[in-house]
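My structure is below; once you've seen it, I'll send some questions.
First chain written, first letter: the chains are A, B, C and D, and each begins at residue 1.
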């Protein structure tokens, strides 16, 4: 995490995306980005928000309190129940930004009570990186991205 | 029954029908004719060969040992089983002459081991009457009909 | 009839005498039909077990269960040893409920003989489903699957709703199919016989289970053994009818007529359009079904009904689904049957196990009713003693019971039947 | 989102707070999807009961079973009293087999809590089917019937084989549907989303259950959440695949990808022709499935397999039909499992009752195997102690088990699995 984002108000974002509100709310948190879909049942541990799917790029990492940026949901119909439980255990993402609308994704976002957006004017997977600070205003349909300093980002593992 | 038919060979039939063999065999017996389809299960008593369906024109009459002339089978898939049982109890018809081919009718005739014909050049329902003597040669596909004397026929209830 | 090499080998005895007898029957039957060949089937539904004193004596005097199968299922007077079935074989309903012998007036000897014959059939590979509705206990044929099924209400469901292919087979042709995986390629196995012959134009909403039963009863009377296609002028038939509705519809059409295949435009699999269902031909006849036809069908089903006092309510023809049992249980919950009325509900055994677990059986029994299996009143000719008038929600059962047992039948909705069960009086009427 | 008057009344609380919460969830969910309206459904399949310690504690501290239903099935933190379900509701599989708690490592407390929650669900009107295959125990939706189903393998069967209409719902949307008879009119409920997007040209025979599993696995990987249509160049697909084949095919495609609807030209109800299935459009992609693709799918399913010694054979994913149990019993009859191997076969409870009666359970048990219900190894994460390598005839289970439990999986035919169970060694191979 970068101090810059934690300590100072951000006068101007590095970029702004516009999308369609899926679940309302406003939140600001760090991004966790993956180009792979996420499984609910069998794919995450709802107690910690950790991705557990073998071979998944995020395996071992937790989305708890993060803005989860990903293509969408995959796997069993237990998706919403897993994220619902994660929410009750305070391990849900702070927000969902995704590209593919499915019933799993929509219901999972709804029961997570987390702001969620889709249908962006720019692909969030192409312009948001893990560690970026992101302010999601689902009511207005905006995503303000405050890029992590390039130096720090290049050198760090994507955690 | 008419003595004439029981005592003398018939030099020439009154009429001859041609049909398609369904089950082979040759038999000569009295005709029992109905313009109504017959039910197997719930329609006949296989112990006596009696039609039992309420409202049926043949109700109370037995086809045992008769040439049964009728449109065809109706009702449940127990048709063959009922006629099969009637055959074992010696109460099956001597032959079947019918117009409508169905699986019920075909299988019922087969398991009755009785000569059977269909696809006639003349409608047997239009030219055979109850009490006529009928010689069925299923191998040759012929039905020779020896009409009951009109006087006897007109005066009698139909057998 | 043309036989393949495999079929010739079976016919010539390669697989033993029972298979040979089976092929012999199939050839005789196929030639009787005028079939040109046999078709492969891997799905047989039949009656195999024995419930009559005649069969019991036959077993005793002629050589046991093999003799019974040889004669009654293969038409072979010669007793041949019966091998295991080659094909998935489901057992249909029987002449009584072996779980309720006293209620059905079944003596111990008959019951024991049945149990022996059930064990024999199971040992050969029969699935002891014991229902007229194999499609609700795991035998759900798929589109185009060639089947050899008995039981008219099952045949019409299999052909029409599922789009599988079967004629109305009999005990002997099914017996032969179990051992050979063959049945004559005739009738509804062939594309050219599956097109509609009669067009029925709907002029009225068809919504409830009762509505679908009335429509089926009307259609069967009109088209007899034709293939009806049902169409709503200027639009869809309405809400897609579910399994219970189509089950009652088909059973009604199969009993008032001999319908073995129907099409519903936009609903059944071979009727994406009216033209498709008709196969590009003109219907032989066009019928209209409006409020007057609906009322006439209702009145014909109620012709025998005179006395409002009823002694018996029978539900479950064709065998009730778990959804219908749930509905009946909801209507019964917290109520008691009238002291002079008995209520019997019929369902497959496997579904009864589900009803037990789901709490419905308890509710039905607490109200004074009973959930039975394997049979029904028409099949068993069993009704409670003293029954003069019976209330029914099935057009098929209302068609058969008065004819078979001479009782009066009231036909109405499930709710009206339950109401009659609780009050002892029929208060229904067409809405 | 547009609401009808009836829906507005429910939303405004006419039918009490639980129905109001249900409508609130449906509106939030429908708006998330971008749906314009709700559609009526009378057929819900869902998980309702509770099997986790977390839910047990939740019940204890938050207000009993109503609190659990409010939170987990309606997304309502406020505890509302739950009325009886308005709609025919079937319970899906669970996290263990309550009939075999020890084998599955379930403690008494968890079992007792499950039983309490089963009684609660049944009391509300849930049919305790406890299976991923409701269509084999009496819930067979009809063409065009709007459903709200969970469980991907059931969803794909419902949409594709039966031609009914459902999206992959979740616990909360199903909970809301039970109380309102509504679900968002989105996705596969609507004609325009049911056409094929990907064309798969077959260049190889697809006949056995294993063949259909391999084809499904290939297709899921390729089309992900697309709608594939399968076509055989220059002819029919071949013999119509039966229920077990289509069940394995769909389950495989739903697990390697996310297929919720497929079409098979000439077989499934919305694919009378290729053009019809494509809705007159061009496919986004054309794929070919020949011997090389078949082998590659087989090898991917067997990537984790190294050791020929197996300790466990699991059959029944999706839950076995009575036909499959019969086939397994025939393969096992008179044999004994290898001393180091356990065989668990999963089926719905109602079908187990049928297997008991038909003699299969005895054969399986005499060989040393066990017929289980309600769950499976993937759902329960339970395998026999010491399992390193498992033999499976299900592509879906072979996809999930290594990922979930880190075991090695051999995928092959049922006969190969039974052989491995009896010899302790995997000797299968693609034929």
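Definition applied: a residue touches a chain if its C-beta (ideal position, glycine included) is under 8 Å from a C-beta of that chain, and two chains touch if they have at least 3 such contacts.
A quick map from chain label to UniProt name: A, B = Putative aconitase subunit 2; C, D = Putative aconitase subunit 1.
Just so we're clear, the structure is a prediction, and the values are computed from it rather than from any experiment.
Among the remaining chains, the Cα-based centre furthest from that of chain A (Putative aconitase subunit 2) is the centre of B. The geometric centre of chain A (Putative aconitase subunit 2) is 56 Å away from that of chain C (Putative aconitase subunit 1), both derived from CA atoms. Between chain A (Putative aconitase subunit 2) and chain B (Putative aconitase subunit 2), the centres computed from C-alpha atoms are 82 Å apart. Each chain gets one centre point, the mean of its Cα atoms, and the points for chain A (Putative aconitase subunit 2) and chain D (Putative aconitase subunit 1) are 29 Å apart. Residue positions of chain A (Putative aconitase subunit 2) with contacts to 2 or more other chains are absent. Taken together, the touching pairs link the chains end to end in a line with two free ends.
Pairwise chain contacts in this structure: A-D, B-C, C-D.
Residues 25, 28-29, 32-34, 47, 54, 58, 71-72, 75, 150-152, 155, 167-173, 184, 186-187, 225, 258, 378, 400, 402-404, 406 of chain D (Putative aconitase subunit 1) touch chain A (Putative aconitase subunit 2) in their complex.
Contact residues on chain B (Putative aconitase subunit 2) toward chain C (Putative aconitase subunit 1) in their complex (touch as defined above): 20, 22-23, 42, 53-55, 74-81, 84-85, 88-89, 100-104, 106-111, 116.
Listed in rising order, the residues of chain D (Putative aconitase subunit 1) touching chain C (Putative aconitase subunit 1) in the complex are 40, 42-43, 84, 88, 119, 122-123, 125-129, 135-146, 161, 163-164, 239-243, 246, 266-269, 272, 276, 321-323, 326, 330, 349-351, 353-354, 357-359.
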